[in-house]
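Each chain carries a letter (A, B, C and D) given by its place in the written order, and its residues are counted from 1.
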Amino acid sequence: MAKLGIGIVGGGYMGKAHAVAYAAVGAVFDTPLRPSLAMICTTTESGAAEKARSYGFDRSTVDWRMLVADPSVDAVVIASPQETHRDIALASFALGKPVFCEKPLGTGLEDGRAMLKAAEAAGVVNMVGFNYIRTPASQLARDIIASGEIGEITYFRGEHTEDFLADRTAPASWRTRGRANGCMGDLAPHMVNGALALAGPIESLVADIETVHAERPGPRGGREAVDNDDQGQFLCRFENGAMGAIFISRIATGRKMGYAYEVFGNKGAIRFDQEDQNSLWLCKGGAAPGRDGFTRILTGPEHPDYLAFCQGPGHGTGYQDQIIIEAKDFLRAIETGESVWPTFRDGLAVSEVIAAAWRSSGEKRWVSVDEIRKG
Amino acid sequence: MAKLGIGIVGGGYMGKAHAVAYAAVGAVFDTPLRPSLAMICTTTESGAAEKARSYGFDRSTVDWRMLVADPSVDAVVIASPQETHRDIALASFALGKPVFCEKPLGTGLEDGRAMLKAAEAAGVVNMVGFNYIRTPASQLARDIIASGEIGEITYFRGEHTEDFLADRTAPASWRTRGRANGCMGDLAPHMVNGALALAGPIESLVADIETVHAERPGPRGGREAVDNDDQGQFLCRFENGAMGAIFISRIATGRKMGYAYEVFGNKGAIRFDQEDQNSLWLCKGGAAPGRDGFTRILTGPEHPDYLAFCQGPGHGTGYQDQIIIEAKDFLRAIETGESVWPTFRDGLAVSEVIAAAWRSSGEKRWVSVDEIRKG
Amino acid sequence: MAKLGIGIVGGGYMGKAHAVAYAAVGAVFDTPLRPSLAMICTTTESGAAEKARSYGFDRSTVDWRMLVADPSVDAVVIASPQETHRDIALASFALGKPVFCEKPLGTGLEDGRAMLKAAEAAGVVNMVGFNYIRTPASQLARDIIASGEIGEITYFRGEHTEDFLADRTAPASWRTRGRANGCMGDLAPHMVNGALALAGPIESLVADIETVHAERPGPRGGREAVDNDDQGQFLCRFENGAMGAIFISRIATGRKMGYAYEVFGNKGAIRFDQEDQNSLWLCKGGAAPGRDGFTRILTGPEHPDYLAFCQGPGHGTGYQDQIIIEAKDFLRAIETGESVWPTFRDGLAVSEVIAAAWRSSGEKRWVSVDEIRKG
Amino acid sequence: MAKLGIGIVGGGYMGKAHAVAYAAVGAVFDTPLRPSLAMICTTTESGAAEKARSYGFDRSTVDWRMLVADPSVDAVVIASPQETHRDIALASFALGKPVFCEKPLGTGLEDGRAMLKAAEAAGVVNMVGFNYIRTPASQLARDIIASGEIGEITYFRGEHTEDFLADRTAPASWRTRGRANGCMGDLAPHMVNGALALAGPIESLVADIETVHAERPGPRGGREAVDNDDQGQFLCRFENGAMGAIFISRIATGRKMGYAYEVFGNKGAIRFDQEDQNSLWLCKGGAAPGRDGFTRILTGPEHPDYLAFCQGPGHGTGYQDQIIIEAKDFLRAIETGESVWPTFRDGLAVSEVIAAAWRSSGEKRWVSVDEIRKG
């Protein structure tokens, strides 16, 4: 088994998730390439050393350039703030090192375009971390739709709703500063990617985005203005003609992980809610009279990427397992030299839709995604 | 107990539902006014006689004018096709007879305006049959919102989804002919009324409405064009500033009675689905750490209009009971001389929103409801 | 249409439910026999007159013998306390009048046997009010099982759980006095009847019954001993060899109408909970790999006794509708002269099982129901 | 960080799960002791080498004695068939090496007693692998009960239902041979342990256990007798007086991971189903009138052992995470020298209950667990 040195930039929540994933993925999936935790980069010396020790990295640094350049690092995982994505990715590609970048691709369209261009120029494996669409249930949803099992799609509804800022007395923080950290910047990419994966490219949309709680207690007293959005939604048409609607919120009281979708087709329908991530609800047309309805399918060994985690159906996978599946796919891409979905190109497609939503909300009109693509 | 002669125009599904309701309502609610089934009007002599016998009316007719004018008829229930609503209502008001009219008010704005004008000119009790909002659960939802229990509303999502025309090989029928019988004409009024009741007046919206299956098998062979809509949706803003979204469909495979809504407030949230009409899901802010979540409240004697049907919580009410509740409220209005919500004015408000949706979909732009009101 | 005078003994919760049912049933089901509310009997003159007025009876009495004997009363509905059942039924049968008796048949085995004997000697229509098994969903469950759709039954689990006495500070009342009003006496008959209807006769059982809260506040202060049971359960074997288990409780905190069952067969399974009475969950064997699961079937027009209440699936029926269905079936039995399930014979079978449970709990051993039948 | 060499006996499903767990646990929980995968033992040379490579062990063997004795192995995980547990555990204890043993403790009481005796004589850390009770949700359930939040327990119902042998044409295999591999031997220990953890020691029980499908197709044609049980159930009383019931089945059509329980207390209730392992349903008494019900609590950072896996509530953990939690606790026990629940003593308590169930089913009578303890 070949070894592959992994360097992770970012020691927070996502950095840890990837560290755990690379520690476990070889045993879970029996991957031909076996990752080793080569180096981690965080913002302070002591923090970096501490994270390295805690997560099991060989070494640490506070300079991502050092990490990218280090010979022990064969592939780079970017789990740092969005404004750092672009430079790290470009530096990695310049050295021919594969890059896995957390969603979204940088802070917006410009970053995404530059990152895609660099990736394609370098011809190096690249991938974006849309983990939620990689659960066995959502992979199953994609398979069902792709196989025509529910017929032609007539309607798609997606949401990503959480409530971590529903309380208007919650203090201002990095989350309430900067468009990239707002609801459309930070949460929406997951569900937009889900929509594209499940229902195909979006042709046009009309959006409404707002900051509901315009001020919050400042971290050191007083009040601080919130300069990004709390919720946003849009109607859309997919290129295949299907109608769609997407809603994103960080103030949806009571919702914790409301990454949820419904896909109606002319022969069946699918419903999914990440808060019960081990179930997919399927209604198939053609049932006997009086036997029609949604069936709760518990994920199991027949479904994508499940068996590696547990032998029995219904035993279930969780959040961390999604990251392990990503790690497996990234390793496979490196092994074969062929990027796997979603690549930077797919990540940019997500950013284009979100840019269209911003323009639509600002100009209060329908906007075609093509209009964004053309600048 | 005073008697009140009820005349029902229409012998179909809804006519029957009202007939049963007036047969039962006195015993259920101990109403001071006791209705008697005076006369029913349907389209054929034999049909009318048959319905009268079957539902227990004293007499029958094929001429709604005769019914309206008959001295035994003290109040008129209109359960006939939408194009008949206006004339029947106007004739009833001319005689000073209270009118209960099935939703929506006629075939559109013009009918609704004329009907409201006549009702107010006559000063006679008038009411519209939006039955779904009268379940104990939805009444509870209104109470919870009105009391401020979930704080200020930040988002409303409503849908009314069914699948009776999801199969594209289902033949053409009256349902696929005429805008008034389409998805926005026939299904949407329920949920638009629900939205107004729960979240307040709508200020503006942007809609998308379409006919997905443009042709269907003709009832006598061949193909027939479908000239009304299969599904429609809109984004909106309420006058209180809250965002909203509404989706209506008759082709939502697997959905049977998807009258469903979510209302997010800054102190709590509500979720409801008519397919489980005896539950309301409530999340209240301020729970102890780790005890947060949606509570499934089963309707019971503490909730509006429940105790008359059953003493125990969770024993449940059904579709027919909604119509009985309407009958009770209509009788109460007649008894007191004061119309109860929703009146023709409320019904017209619903029609205005739907007219705005049509205009928005046609012109592909945001439309304010005020624009409709002003013509 | 022939008229049929209905006399109801009992003006409480159940008396009202039956009054409403007979007011509505003709219109709902177009029954050939049309009931009229002839007379009601309650315990006080003023109460009886008040109930007659409120529910719409022609006359009232405080003497059930007068009601039974009255020529305007063609059929008798017994909705009075259990200790009155026997005498009323016997007097009715003596006059050849059909009897509908609320569950259970009197206060125990002796009553039940006498009542069955009288019914069969008189050759008069007789029926017992196990309403919960008459929902469209539970009728569907019976049909599915009877048709072999889930194969041979291997396991049955039933419960009837409510929580109206869960709070140990709830005061003593008639509900806490007398075995007939306890949990096994008052609640258990519904689910035992359900078990027999769904899985067939019970061969033997082993039970455990207890009073958890042995004292309660007296209605006039002080403490009062509770002399009946709060909860009980038994394991059983059905005559077909299937295993079973039943649990009954009035102290099951949080459960409001927990009439619920699961039936496992070797080709499928069924799950039902009355708290969502318009759904039946069906798992059918033989699904394609990865498509296995329980399907939530919403009751609709294809299912028993549904269409009379509503045309559309998922629109739903409620508690009162169950009583209307009972009324329809009782009228049909009278019309045809043939009793319909569940007759007094079926009601006695339920009492035998409960008697076996009491003996088993007292003697702490397995008891065959046959042992009870033989005395 | 100190290193700890882990030796795993068994290369099947559970062996892999533990291998993954020890690969990941350090990074997940930042454990002071860091495990290394020292050696794996399986039944064939090639298999052992292959598993070692696949799971990432340094070395492999087919002789568990070699593994136990190897100086690189500091702690032993037994994930091999039940009949091997005893010898391996005793050999490990003899060398003073901590043992984690998969449930149940050997093939029955005799094994369990010997294993406990050896563990206590050696004074070495010992633990049993009841993983399902270690989900954040079930740990939360334990905490809620222990804190008195639902008051005194009045009733416990547990089940462990799966359907992997529901199809009677499924062929005979090791699962259908030998009592230890039957439903009571293999599945029941999980839920019995859960019952003891949640509701306390069981005082007595009455059980019924059976083989439903007595023959199955032989693996090489013909028919083979099944010599172990397909399903079993018992009523019980806990030492605290609460009633209980437990049902175990491997033929429960449609159930995939039906490890489910309900706990009723006099101040609240809990419901849980492993098929939705990231939710705990809690009903707390004392709600405002009309606001009573079960709340679906999604597990989150406030709940035990959750935060290490994901920062956000509702993001969810899965089967593999349970094993990682076990690994963390085993490491902590080794580090501190104090065994953590459930120890071999707890495992033996489970075996005693199951032995009581077997005796009860055979003799068709109530059996006290004390009777088993005394032999």
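Observations on the model:
By our rule, contacts are C-beta pairs under 8 Å (C-beta built on N, C-alpha and C of every residue); 3 or more make two chains touch, one makes a residue touch a chain.
What you see is a predicted model, and the numbers here were worked out from it, not measured in a lab.
Of all chains, the one whose Cα centroid sits at the greatest distance from that of chain C is A.
At the interface between chain C and chain D, over half of the residue numbers involved are used by both copies, so each side presents largely the same positions. Centre-to-centre spacing of chain C and chain D amounts to 41 Å, using the average Cα coordinate of each chain.
Centroids built from CA atoms put chain D at 34 Å from chain A. Chain contacts: chain D has residues 255, 292-294, 298, 300, 313 touching two or more partner chains.
Across the complex, chain D meets chain A through its residues 1, 13, 16-17, 19-20, 23-24, 26-28, 30, 34, 53-56, 162, 164, 255-258, 274-279, 298, 300, 309-321. Chain D meets chain C in the complex at residues 150, 154-155, 157, 166-168, 206-208, 210, 212-213, 230-231, 233-235, 237, 243, 245, 247, 249, 251-255, 264-269, 271, 283, 285, 292-294, 364-366. Of all residues in chain D, only 140, 282, 284, 289-298, 300, 302-303, 313 touch chain B in the complex they form.
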